[in-house]
Structure formats: structure tokens, C-alpha cells
Amino acid sequence: MEEKAKDIITDEQQEYIINIGPQHPSTHGVMRLVVSLKGEFVLNVEPHIGYIHRGIEKMCESLTYPQIIHLTDRMDYLSAHINNEAVCLAVEKALEVDIPDRVKVIRTLMSELTRIQSHELFWASYGMDLGGQTCYFYGLRDREMVLDIFEETTGGRMIVSYNCPGGVMYDLHPNFRKRVKEFIKHFRKVLPEYDDILTNNVIFHGRTVGIGPLPLKEAIAYGITGPSGRASGFSCDVRKHEPYSAYDRVKFNEVLFTEGDSYHRYLARVEEMRESMDIIEQLIDNIPEGPYAVKMKPVIKLPEGEYYQRVETARGELGVFIISDGNKLPYRVKFRTPNFANLSVLNHLVKGFKIADLIAIFGSLDFVIPDIDR
Amino acid sequence: MDKIPLAEFIKSLDSDLEIKEGKQFTEVTVPPSKLHSLASQLRENDETLFDFLDCITGVDYGHDLGVIYHLYSTKFRHTVVLRTRTADREHPQFDSVSDIWEAANLHEREAFDLLGIKFASHPDLRRLFLNSSWGFPLRKDYVDNDIITW
Amino acid sequence: MNNEWLIIFFLIGAIFVGVVLILSGIIAPRSINPQKFEPYECGIPTEGGTWLQFNVGYYMFAILFLVFDVETVLVFPWAVVMKEVGMAAFIEIVIFFFILGLGLLYAWKKHALIWE
Amino acid sequence: MPFDIYDFTSFTKWIDTSLENAMSPFWTTVTEMAIAGVLFILFYAVVGLFLVYAERKVCAFVQNRLGPNRLGPYGIFQTIADLIKLLFKELIPIKNADRFLFNLAPYIVIIVNFMVLGAIPYAKGLHAIDFNIGIFYIIAVSSMSVIGVLLAGWSSNNKYSLIGAMRSGAQIVSYELSVGLSLITMVIFAGSMQLSVIVEAQRTGWFIFKGHIPAFIAFVIYIIAGTAETNRGPFDLAEAESELTAGYHTEYSGIKFAFFYLAEFINMFIVASIAATIFLGGWMPFHIGTWEGFNRIMDFVPPFIWYLGKTFFVIWVIMLFKWTFPRLRIDQLLTLEWKYLLPINLVNVLIMAFIVLMGWHF
Amino acid sequence: MRSIINYLKDIFWGVMSLLKGLKVTASYFWRPGAIVTEKYPENRKYLVMFERCKGELIMPHNDKNEHNCISCGICQMSCPNGSIEVIPKTIDTEDGKKKRILDKHIYRLGQCTFCGLCVKNCPTHALAFSTKFEHAVFNKALLIKVLNKPGSQLKKGVEQ
């Protein structure tokens, strides 16, 4: 009896420690958060990652450049095409190849479709994280249309593997233009429904407005890029500042907010879907004719040196850093993945909020776990 | 700020530095002892204002271990690459820049995890992905003992 | 129909649960695996005790609830006879609710209605 | 009156007298109780199974899916198959759990269900217990099911469950009041707490139409608070899937889990049937003023069907809540109750009293 | 006063936003035409996959049981995961020369990531993707497939 009393006394000083993950509905993958609680309030969150670390950077050191591309699909599987494009751009920049206009436009179109489907999945899963289960199905329903477009042209639904150094693997499918237009028409119609069901919902506002605010200074210091950073006012859109592919010939707005809370991180993504549709509409009717790929040498050897290429994936800035020693295999490949950088801010954001807010904040940062683990 | 003045400006901070114009960025090679002070100068100085740490890459050069920093300025939109390396493979150690950029925290932990590079005065230097008994897989002399063959 | 019928509903509830539990206990398989009896915490062993002192944060609400719930009980008989008694009952309840409302307003302004 | 053609009173009377002729009064009561018990268990099981099926179909249609469609036509046997599966599942005892409370919790939720079901008027004469304080009794008993939830969460020796239990405590201390006050509004209107009297008073028109604005406000508040009391829809904080995996019933397996699942649905049925009884006229048919032809047609629909129709309409609305809204946070839950529902309710009670006093209702 | 008006406004907008959400879900409930569920096992018969769908790797054979593979091994080299293994054999042709032909083209479906490099790099277009996507098997060994059919020949005219 006495011992028990002692236990209780010592227990009082302990924090209430809860594991969220690795098998948890709202970590979107295998990630473990060790959460210290005081009542319902979060004192500290410690992410434990590495459950699906595959050593992609190490694997890249034994693969040729065209072979690396298919590995990048597996990092941020929701921006698979953009990841592919990043490696291709780095290789092309190193070899100083001139890329045909058609390839540039195709890549831009595909990137924007990728961004839309990624944000749709974000919308879907964010709704589900907050308990609105129906959002998930509406989001997936519309995402399927984009995936159909992908499958028709590339043969893959999510893991497209469509890029190769010098261009794309196959030409666009003849139906591509028609399907994209159908999708845009449909999507413009359902986006107001998205707003009705989630964005303007009073409960949703209560759950997200003012939750996990991230000021601009901290966003920059923590290296938060992508829609999460732009919600804080960090103008970090690589498409705007270092245009690649065909982004220099389209007009679009960089979605910027200043509040930086969960709601605006969410809103930034929803608005980006609209911007992406604008970009697609500008390009879809004037895809230039021409070859869909340049003939490259069968064995691609990068000249000795270091190559860094930034692209804007759906989650932020992806940096591909290749150190070449002149061989056909890279000497070192580093992927500066957006989610890995965004993860660092999680603990800072959730301190002092409730456990339900932890889910809201975690969801609003839109993590894809394989992108963190690589 | 253009590229040439950036290189010159960094030269003016410390004339011993080895600065070269790369294909893409201005590249600065720093001895490990000067790394932290140079980084904080680049961060604070109004002329450079590298407030965004893009990427930290640990590299195994065969006999040396090195770290490459990509710094970016959100105001001037320019990038500088800092390089530093050490020949000590047993206890490679650099100064942590996580007090200058919070973003460095995870990147440095990753470099420690995969290459065994230590960062002095890092607040929380633990293995990130792998458990503590694992080797350092991104080193070139790493031997994997449990390769599964099909 | 009398009020002792309450007992029958209590009993059938208990019998329903009991019989089904026994049935399930007979037909359900059983296998012993120490891991299985661990409490679920996303597949990781729990750290620290479960039944710690826990800050529930609605202490003030609970007190307010007690106050208001007792008041509600008082209002029920009033509600039944309201029609018959007429204006006097209405004025009384206005005064009663006014005081009650003041209490709520006081708690509101004192920020007692904020989860802490 | 024409719509008394379906009167169960004579039927039950006939059973009673024929039994009394056959045996002693004590055994008559016992037999009657046994019959009622079996009927209620059957009713309980059928309603439970149907509601689970209905929930799946409603949520599927809302979400552009088909829902269960494998077992039987339109998948109607799916829930029965699930029940059988759950019967065959292992009951896992959790290490260090409070074994007694752990096993007690499902009993509490189910018993509470039965005790409330017994007090609901299903049709004229189909009414097991008709208290003169019926509403009082229902409020008192139905709020006890949250105690079952609290016990389940507390005894599980699981941190998610414990947090879920604490949250269900917050639910007890808030939505009880709103349910009570919104029902008081209608008690003022009816002048009685006896459910059969209330239903009878709606012969000339349902209360939601007779009491117009305040009755409608009371109805909306009752639906919201009732949803909260059943741990459903946007108020399912105690089992908040995305935070607490399954909340208070994380550790329950097999048929024990099924009890909680079933109890949640029956609770929803209870809330809906009280709403139907008090606001929507119970088993009374829908009448439009003095339009005799229409009223006569409505009268030929049996009262039990009317009752079920109204109840399932309310259930449908509650299901739509669940499948539309995101979950509330714990402080939002309390804010909604204490800052919105309670003041509105207090004012609403006064307005209703005033309207009744002035005779401004229909 | 201001605060009371704001309070009432809050209630009004809150209720309106909830009703808007309910409108969307309720409208879908009454519109079974909007259901998008694929009735998958039932629709197998008339299920049409996209022609480029990367189901699994195959080696197309014509009706004379001939394929295009010259066993050059480029697919094996270009595969990032080592899921392809080309086993050639040497035979004596009629005019007495030694000739390298395909013995076995082994494809490990379990390792394949469907990157499409083998199909793209094949000089004789001997490989293709089929749209068959139902890969589930009970035994891992069944995922190792031999792509050339028994007794198949190299198509005439395909240069070595």
C-alpha cells in the first residue's frame, strides 16, 4: 500500500507520454510521434522517423542517371512527376542539353496536374484528420480523374516514371487534351463544393484558425517551403523565382498569406489548385509540336562537378544535389526534400496546443513520410 | 546583388578564403575553424543576408569527410555554397550552425546519422533514421553485412 | 402497466448482454500470446503509467453544470403547471432565469467558460 | 375518430384478460413480462442491425459509393454477417486492466438502452411503461449511457481510452442541460410530462408546427444536443478516430466492442424517437388543417409506420451530420454548449412560456 | 450592444455554413447517378484498361511463336533493380556459324518497379507491357516468370 502511494506521488511529476504512430490513422504513414501531454495540452513532440528509410541516396550511388529517376518517384509519391523532373533538369543542366519546347510544356502540364492531385489528396486527408470523413471520398473521386489522365499517357497512376534525361518517355496520348479539359471543367464545378463542405465550415474554422501560427521569420529560419511557407508570407515559389521548364511563359500568382496558421496553410493549397488550373488552361491549347525527347548518348556521363537543381514540388522546394566525378554513376546524390525540412518545425508549432490541434497542425503541414525518410 | 560583388564581398570578410565562381553558384571553401563565424556573418550581414539554409550535405571524399552548405537569401535571391572538409575519419567534427538557422538541426542530425560527422554544440545530436549500432552507410567504405539476395 | 416494469427492462438488458457474452465465450477461439494482452498504443510499449493524475480541464464547467442541472430539475414542475398558474408563474420564472442568466454571464465574464 | 382504427389497447387488454383467465395474477404478470422481454430483445436486435446497415448505406450514398452490396440483395445481410463474425472473435483480456469495470461497462450501456426503449410510445397502446414523469425519466436514464463510456475508457489501461473517457466526462457536463431545457420548452407547451399525454396533445397538429419558432429552435437544439449525447457525428470526441485511434473502446474486442457499437446506434434511435414523439407528434399522422380528404388518407397509414417514419427521418438527419461535419475540439464542444446553446435555450424557454401565456400558438 | 450583434451574427453565419455543407451531402444522397464505385470483379469482362497501362512485362510472340529478343542484355543492364535476367545460349546455325540466341528471359515481377526503362531501351522492341494487373499469387516463386514461350524462335529479319 505504501509503495503504491509512492508510485502515485512520483507519477504526478511525470508527463503523460503517448505514442502517436507508427500504426496510427492520422500520421499518414509510418511515423512515430512521442507526445508529452499535460491534460490535453501538448508539452513536447518528438518525431521518430526512419521506419521506411530505404537509403535512396546510397542506392543512387550505384545506379546510372536514368535509373535514379525511378527512385525519386518513391520519395514524395504524391509529386512523383515533379521529383523525376528535378533529376532530369539537373542532368540536362550538367550536360547543357537544349530541351525542345514541347518537352518543357509537357513537363509543366504534368507537374501542375501532379500538384492538383497532390493537393486534392491533402484536402481529402485533412478533412478526414479533422473528422469530416466524407471529404476523403470527394477528394479521391476527383483525384481519380487526374490519375486516369496520367495512366493514359504514362502507364502509371501514381508512380508515373514519365521523365527521362532529355525529354519524356513517350509522347502525350491523343486523348490527353480532351481529358484534361474535361477534368478542369469538372473540377471548377466541384471546388465550390469543397469550400461549402470544409473551407467555410464554422467547425473547421474553429479547429484551424489561429492554430499553430508560424511567423515569417521563423518560417524562413526553419526552412519551411512550399504552401506551408507561403501561408506565412515566405515567398519561396521556385516556379516564380527560378523558373524552370515552361514556367517562365505562363502567368500565375504566388499564393501568399501572412497569418501562417493551419487554416491558411490549408487555404494556400486550395488556392494553389486554382492557380494550377490557370497554368494548365494557358498551356493546354498551345502545346508546341516537335520531338518529345532529345536523343541522348546511351551512357550518360556527367562532367565532373557539382550540380544543384531546385524545383517546386507540391510540398515545397526539392533540391537535387549531384556530385559527379565524371563517371556514369554519380559520386554523391543528395535530395533536399521539402518534408524533411518542414518536419523540423513541428515541435515548435504544437507546443501549448491541444492533442486535437496536434493532428490539425500535423495534417496542415501535409507530410509524406517516405519523403522524410528517403 | 550580382555574382561578382558577392564573391568580392565574401573575400572582404576574410581574405584567406578560397572563393571560386562555379557553374551555378559562388563557392567558398572554409576551414572548419572559421565555418561558424563565417556562417553567422553571412547570415547577419545586410549585404548578404543569407537567411535561408537550403541544404546541408555530408560527403565522403574517400579520405576526407566534408560538409556542403547551400545558403540562400530570400531578399537578394542569391545562393552561396560553403564547403568544408576534414581529414579525420575517426572523429570528424564541425561547428554546428543550428544556432544560426533552426533548419540545420535535422539536416545535421541526418549527416551525423548517415556519415558519422559530429557537430559540436548541436542541441540534440542523436541518430535520426538508424539505431545506434548501425554503421555509417553513406561512407564509401561502408560494408553492408545483411544484403538480402533473391 | 406499473412501475415495477422497470425491473424487467433492467433484467432483459442484463440477460441480453450476459447470454451473448457467454455464447461468444463458448464459440470464440482463444489463443495465448503475451503480446496480445498489451494495451494498444500504436504498436509501441507504453511509457510510464496510464492512471496518472490527469488534468481534465473542465472543473469549472462541472461546478456550473451542477448548479444549472439542479435548476433545470426545479424548472420541470414549473413547466408542467405553467399554463394553469398563468402570469404569476411567468413572472416568477423570468426573475428566476434572470438570476440564472446573471450567474452564467458572471462566469462568462470571469473567463470560467474557457477550457483550461 | 377515424385514425383510432389501429388501436393496440384492446389487443393488449385481450392478452391480459385471456392470460388472467388461465392463471394466477402473479404468473400473468410474469408471462406478460416474458413476452414483452422477448419482443423488446427482438425489436432491439432488429433495429440495431437495420441502423448499422442504414448508416453504411447513407454514408455510402453521401460519399458517392455503393456501400455494402455483396451479401444478399443490396447487401442487406451484411450486418448479420458482421454480427456472426464478431461473435466468433476472440475476447482479449487486457493486461492490468480493471477487469470488473472493464466487463461492467457494456452491461451499463445496453441496460440503459433497454430501460429507455421501454418508456417510448410506439403506437397507441404500444407502450410498456407510461410514467407521468416520462420525459424526466428518459432524460435521467439516457444520460447514464455516458457513464458506461466513461467506465470503459477508464478501466482499459490504455492512454487513448483514458483521454477518451475524460472527454466523455466533458460531454456529460454539457449536453445534459441542453437536452433538458429544450424538452422543458415542450413541456410548457404540453403541460404534462407524460409521453402519452404529449402525443395525444398533438392530435390537432404537431408541436413543431403548433409552437412555430420557439418549438423549431428547441427542436434544432434538441437534435444537436442529442447527437452530442450519443457520442456521434461531429461530437464523437470520446472515440475521435484521428487522434485516439478508437478512443474509449480501443481495447474492446469481438462482441464486447459490438455492444458499444450497437448501443451507440440504439442511443441514436432513442434520441430520434424522443424527437419524433415530442416535436413531430409521435405516432400521430400528418394532417393539414381541415382538408378532410388528405387527412383521411393519412389516417390509414398505421401509427407505428408514422412513428418509424418520423424517427428514421431524424436519424437520417443525424447521420448526415456525422458524414458532413468535421469533429469539434473539446473546448469548442464546451463553448458551443455554454456560450451558445444554453443562453439561447434559456431565452427560448421564456419566449415559449410567453407564447403559451398569450395563446399565440396554433 | 456591438458584442450582442456580433454574437447573433456568429450564430447566423455558423448555422448557414453548416446548412451549406449539409446541402452538398444531402444532394449527393439523393443523386445515385453520382456514384463512382467501380464494380470491380463483376466488370472484369468488359473492363478496358488504358493501352499504355504498365501491368507487367511481357515478350510479345507472333502466331508462329516467334519473338524479337536477340538476347543482347540491354534490358538487364538498364533495369535498376535487377529484376531481369537474360540467359543466352549459343547454337550452331545451318551455315556452321555460332549464334547467340535467347535461352531464357527471366523476369522477377516481385522486384519490378515498372519504370519502363527496359521497354524503352530495347533495340528490337522485343519487350512490352501488358495491361494485366492482377498479380496476386500465394507463392512468391510464381512471381519469377520466364517471358519467352517454350520452343519460341527469334523472328526472321530481326538483326543481331
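Letters are used for the chains, namely A, B, C, D and E, taken in the order the chains are written, and counting of residues starts over at 1 for each.
Just so it is clear, contacts are C-beta pairs under 8 Å (C-beta built on N, C-alpha and C of every residue); 3 or more make two chains touch, one makes a residue touch a chain.
Remember, it's a predicted structure, so these values are computed and weren't measured experimentally.
Trainee: Enter the minimum step count from chain B to chain D; a value of 1 means the two chains touch.
Mentor: So the least number of steps between the two chains is 2.
Trainee: Counting only C-alpha atoms to place each centre, which chain is farthest from chain D?
Mentor: When every chain centre is compared against chain D, the largest gap points to B.
Trainee: State the pair with the higher C-beta contact count; candidates are A-D and C-D.
Mentor: C-D
Trainee: Rounded to the nearest whole Å, what is the centre-to-centre distance of chain D and chain E, using the mean of the C-alpha atoms as each centre?
Mentor: The mean C-alpha positions of chain D and chain E differ by 51 Å.
Trainee: How far is the middle of chain B from the middle of chain C, if each middle is the mean of its Cα atoms, in Å?
Mentor: Inter-chain centre distance comes to 58 Å.
Trainee: Taking the mean of the CA coordinates per chain, how far is chain A from chain C in Å?
Mentor: Chain A and chain C have C-alpha centres separated by 44 Å.
Trainee: Between chain B and chain E, what's the gap in Å when you average each chain's C-alpha atoms?
Mentor: That gives a centre separation of 41 Å.
Trainee: Which chain E residues touch at least two other chains?
Mentor: Only 18, 21, 24-25, 36 qualify.
Trainee: Would you please write down the residue numbers of chain A that are in contact with two or more other chains?
Mentor: Within chain A, the residues that touch at least two other chains are 16, 18, 20, 24, 40, 134, 141, 197-198, 201, 203.
Trainee: Residues of chain C that contact two or more other chains, please.
Mentor: Touching at least two other chains: 41-42, 46, 54, 56-57.
Trainee: Considering the complex alone, what residue numbers of chain C touch chain A?
Mentor: Chain C residues touching chain A: 41-44, 46-49, 52-57.
Trainee: Quick one: which bits of chain D touch chain E in the complex? Just the residue numbers, please.
Mentor: 58, 61-66, 320-321, 323-325, 340, 344
Trainee: Tell me, which parts of chain A touch chain D in their complex?
Mentor: 16, 18, 20, 24-26, 40, 127-134, 136-138, 141, 197-198, 201, 203-204, 206-207, 354-359
Trainee: What residues on chain E touch chain A, complex-wise?
Mentor: For this pair, the touching residues of chain E are 13-14, 17-18, 20-21, 23-25, 36, 50, 52-54, 78, 80, 113-117, 120, 129.
Trainee: Which residues of chain D touch chain C in their complex?
Mentor: Per the stated touch rule, the residues are 33, 36-37, 40-41, 44, 86-97, 106-107, 110-115, 117-118, 127-131, 135-136, 156-160, 162, 166, 169-170, 172-174, 176-177, 180-181, 184, 187-188, 191-193, 245, 250-251, 254-256, 259, 330-331, 334-335, 338-339, 342-343, 346, 349-350, 353-354, 356-357.
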